[in-house]
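Take a look at the following structure, please.
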Amino acid sequence: MPPAIDKTTDPATALARIADNSSVMVGGFGSPGTPFTLLAALLRRAPQGLTLIKNDANEQGIGVSTLMEAGCARRFVVSHMGLNSVVIEMMNQGELEVEMHPQGLLAEKIRAAGAGLAGILTDIGLETILRDQRQTMEFQGKTCIVEPSLRADAALVHAARADRWGNLVFEKTARNFNPLMATAADLVIVEALEIVDIGELDPDHIHLPGAFVDHVVPADASLPDYGVLKHHVAQA
Amino acid sequence: MSPKHKIARRAARELQNGQVVNLGIGLPTLLLNHTPEELEIFVHSENGVLGMGPRCPLNQAHPALIDSGGDYIAVRSGAAFFDSALSFALVRGGRLDVAVLGALEVAENGDLANWIIPGKFAPGIGGGMELAQKARRVIVTTTHTTRSGAPKLLRSCTLPVTAKACVHRIITELAVLDPTPQGLLLRELAQGIEAQEVLEKTEARIILPQADPPRF
Amino acid sequence: MPPAIDKTTDPATALARIADNSSVMVGGFGSPGTPFTLLAALLRRAPQGLTLIKNDANEQGIGVSTLMEAGCARRFVVSHMGLNSVVIEMMNQGELEVEMHPQGLLAEKIRAAGAGLAGILTDIGLETILRDQRQTMEFQGKTCIVEPSLRADAALVHAARADRWGNLVFEKTARNFNPLMATAADLVIVEALEIVDIGELDPDHIHLPGAFVDHVVPADASLPDYGVLKHHVAQA
Amino acid sequence: MSPKHKIARRAARELQNGQVVNLGIGLPTLLLNHTPEELEIFVHSENGVLGMGPRCPLNQAHPALIDSGGDYIAVRSGAAFFDSALSFALVRGGRLDVAVLGALEVAENGDLANWIIPGKFAPGIGGGMELAQKARRVIVTTTHTTRSGAPKLLRSCTLPVTAKACVHRIITELAVLDPTPQGLLLRELAQGIEAQEVLEKTEARIILPQADPPRF
C-alpha cells in the first residue's frame, strides 16, 4: 500500500500541527465517542489558548475537562455541561469564555460547515433569551434566527473501526458528533479502537468515507476511560 | 408510593402504542418502570438512539451505550443508532410524538421554564429547547411545588423560558392539568386530593370542571 | 406484533392519501433507488396536477417519466434530466413547469426540511444566472444565496431492506436521495425489496430509523425496471 | 490514438497518489483507461460512491451500482457508499482534490461554461456547478475547437458560466494551458503541434513560454 493511502501514524505526529490558539472540535456525548487517547496526547503537549468545541464537558478529570482544568482553553463552545461542576465554576469565575447552543443546532452548525454552507435558518430559541444574542431575519413571512456554520482548525474523532485510509465505522451511542465533526475541520485526526486493512469494511456500512480524514491513530484501549464508568451504572 | 413514582405511573398512561417518545433526565425516565408490558413504544435519546430500554446493571453495561443522562442502558429489538444531526432532525422535523420533560416553572398558557436560573444554575441548553418547541405533544411531569412549598405552576414564568406555549399537559402528584389561554384546566385529581388543595398550591388560574374530575 | 408497530401494507392503500395537486418526492438517481413499484401504482391512480421532485427524470417510459408522460404532473423540481428528451421537450413546449437546482443543493434543501430548518445559506451559483432567480443576503461580510428548505406532501422511497416498523437499509448507489426524502414529507411510503421482522437489522447499520416512515410495502421484484438496463452496459 | 484518448492520456498524468477525484461524464471518464496500474486514487461519483472503478460488462453489472452518468460500474477495495447530501458535502466542504470536467467554453481567466445553451440545450444543472466551484483543482479536458472548428477557449465566455475563475488547467489535443488573469499560459504542446496552430485555433490571449514548451 503506498504511503499516500496509508494514513496511520502515532498521536504525537498527528497532533503536531495543532498550534496555540487553535480551535479544536472533540467528538463524544459524555464518555462514549470521546477521543481519550488523542486528548491525553494533546494534554501532554499543553497548548495554550485553545477554543474547544464539544457537546459536553465530560466530567471532572475526564476527557476534554482535563484540558480545561490544565488551563489550555480560553473558550468553550458547548451545549450542556451539567455533569461537570468544575468547568461550570471556571465559567462562573470568568476563567473560561463559554458559548452555549441548543444541542441539535450545535450539531447542525457543525454539519453545515462540513457541507460548505455559510449558515442555516432556524426558529429554535426564537422566543427565548437566545434571540438577543443572535442575528434574525424575515424569510418567507416568518422570523428566523440565522446561525453561522461552525468550522474548526482541527477535529479529534473517535471511531470503533477505521481502515488505513480512514473509512470509519462508529459503534452504538459513540457515534454522536464524531462523523459531523470529521467533516468540519481543516485537520481531521481519528483514533480507532481497531484499525483494519483497506477493503475489510462493508462499503454499504461505512459511516464516513476516508476522504474526510487526514490521520488515523490507534486508540489505547488500556485507558480506563474506555471502560464502563461505575458511577453511571444503575443501582440494583 | 413516592410522589415521583405516582407522577410517573400516571404519566405512563399518556403513552400509546407505536409512539416515538423522548423522556427527559430525572423523573421522566421513571415512566419506563410503569409502562404496561404489552405497550410498544420507541424511546428516543438525544445522544443518538431510538428504541432504548431501561438502565442496566454493571454486568450488562456496554461502554458505548448510554442515554443522554450518562446512564448505561439496554436497547430493545428494532433499535437504531444515528448521529446527533439525525437525532435532532427527528425532533425538529416533527417525528417525535411525545416529549416528557421536567420543569422549574410552567405558566398557565403552557410556557415552560426548565433550563436556567440566571446567576445560579446555567449548566447549558442541551436538547431541551428543541424537545419543548418541536415535540408534537409535550407532557410536563413535576412535583406540584418546589421543595420549599412555592408554587411551580404560575400565571407566567419568572425564569427565562425554554419554549412558549409548548406544554400540552402537566402531571403532578396532585393533579393532571392542561394549559389553556384562560388558565389550567383541571382534568384529574390524585386519589385523596381535593380541588381546594390544588387551588391553594397553584399560582396559575385554574379552571374547574363541571363534574367531579376522575381520580388517578 | 401490535398493528401500531407493523407498518406493512399494499401500495394502493399506502398511496390513497396522495390527492390531486400534491407535491411528491421520488427517490432515486437514475434507475437505482427509484421506487418503481410505487410509481406504477401511482400511475394507475392517475392523479392530476402533481408537483414531482426527483434528482432526474429517469428515462422515457421508465419510473417518474411515466407520470409526466401521462400528464399527471404540472411541475417538476429536478437537478438534471439529460437522459430524457421527452421531458425536456415537455418543458420546452411549456407543458411542464420545471425548477432546476444544483444537485447537492437540491439534496440539502430536502435535508434541511427534514431537519426542521427554514433554509440554508450557500455561495453555490452566486456568480451565475441562478442568482437572478434567488434571494441573496449579506452575512458575515459575504453575499449568500438563501435557499428555502423543500418539503413535500408525500415521499416515495425505495429501500433494499426494511423491517416492519420501517427501519431502512439501502444498497450501493440506490441510497442517493432516498434517506433524505424520507425525512422531508408528511407522508412517507417506502417500498422494500426485502421486508424482515423487527430486530433483524443491525442497529448500527440502519440507514434511517423507522420513526420517519409511515408505510412499508413490498417492491415487486419481477418488474424489469429493477434489473440491469442493457443500454447502460459498457460495450466489450 | 483518437484526440479524445490523447487528451485523456495526458490528463491522467495530472492525478497523484491518494487523491480524491471526480471525473465528469464523457471524455473525463476515459482517464481511467490511462492511469498507471500503481496509481491509487479514489474516484468519486456524485450519486454516492467513492472508490469507483471502470465500467463493467453485463455479467458483472449490479442493478444498484451505477455512476452519475448511468453506466454500470465496479468498485475498488476501500470504496464507500453514501447519500446525496454527504456526496456533495464532500465536494463543497473541500475534500475533493481534483475535478476533471468537460467544457462548452473556457475563458482565459478560468471561467467555465458547460451547462446550458439558452434556448437550445438545458438538460439541467446536475453536480457540475458545485464541482466547478468547489473542487480544489479543476482540470478541463476538451477538444480545442468545436466540431465546426470554432474556438472554445475564449477571451470571455459567451454562454452562461458554470463558475467563475475556477479552471486551473485546460488539456486539449493540441496543448496544455493554464488560465491566468493575463491570458492562457501555454505549458505544453502535443507531439507534432506548433505554437502557431494553437494561436490560430484559440480566441483567448495566449502567453507563450520563454523556452520551447515540453511535448506530450
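A few comments on the model shown:
Every chain is named by a letter (A, B, C and D) in the order it is written, and numbering of its residues begins at 1.
As a convention for this text, a contact is a pair of C-beta atoms (placed from the backbone, for glycine too) under 8 Å apart; a residue touches a chain by one contact, two chains touch by 3 or more.
Predicted model, so just to flag it, every value in this text is computed and none were measured.
The chain with its CA mean position farthest from that of subunit B is D. Counted by C-beta pairs in contact, the busier of A-D and C-D is C-D. Computed centre separation for the pair subunit B/subunit C is 36 angstrom, with centres defined by C-alpha atoms. Centre-to-centre separation of subunit C and subunit D, using mean CA positions: 29 Å.
Rounded to a whole number, the gap between the C-alpha centres of subunit B and subunit D is 56 angstrom. Looking at subunit B, residues 49, 81-82, 85, 88-89, 91-92, 134 sit in touch with two or more other chains.
Counting only residues that touch two or more partner chains, subunit C has 108, 111, 115-117, 122-124, 170-172, 203-204. Under the contact rule defined at the top, the touching pairs of chains are A-B, A-C, A-D, B-C, C-D.
Looking at the complex, you find that subunit C touches subunit D at residues 29-33, 55-56, 78-83, 88, 91, 100-108, 111, 122-125, 127-130, 160, 170-180, 207, 226-230, 232-234, 236.
On the side of subunit C, the complex with subunit A involves touching residues 108, 112, 115-124, 135, 137, 139-140, 142, 144, 146, 148, 169-172, 202-205.
On subunit D, the positions that touch subunit A within their shared complex are 16-18, 20, 38, 40, 42, 44, 49-51, 75, 77-82, 85-86, 88-96, 134. Taken in their complex, subunit B has these residues touching subunit A: 45-49, 54-58, 61-68, 70-72, 81-85, 87-89, 91-92, 116, 122-127, 129-130, 133-134, 160-164.
Touching subunit D in their complex are the following residues of subunit A: 1-2, 4-5, 111, 113-117, 163, 165, 167, 183-184, 198-199, 201, 203-204, 206, 209-212.
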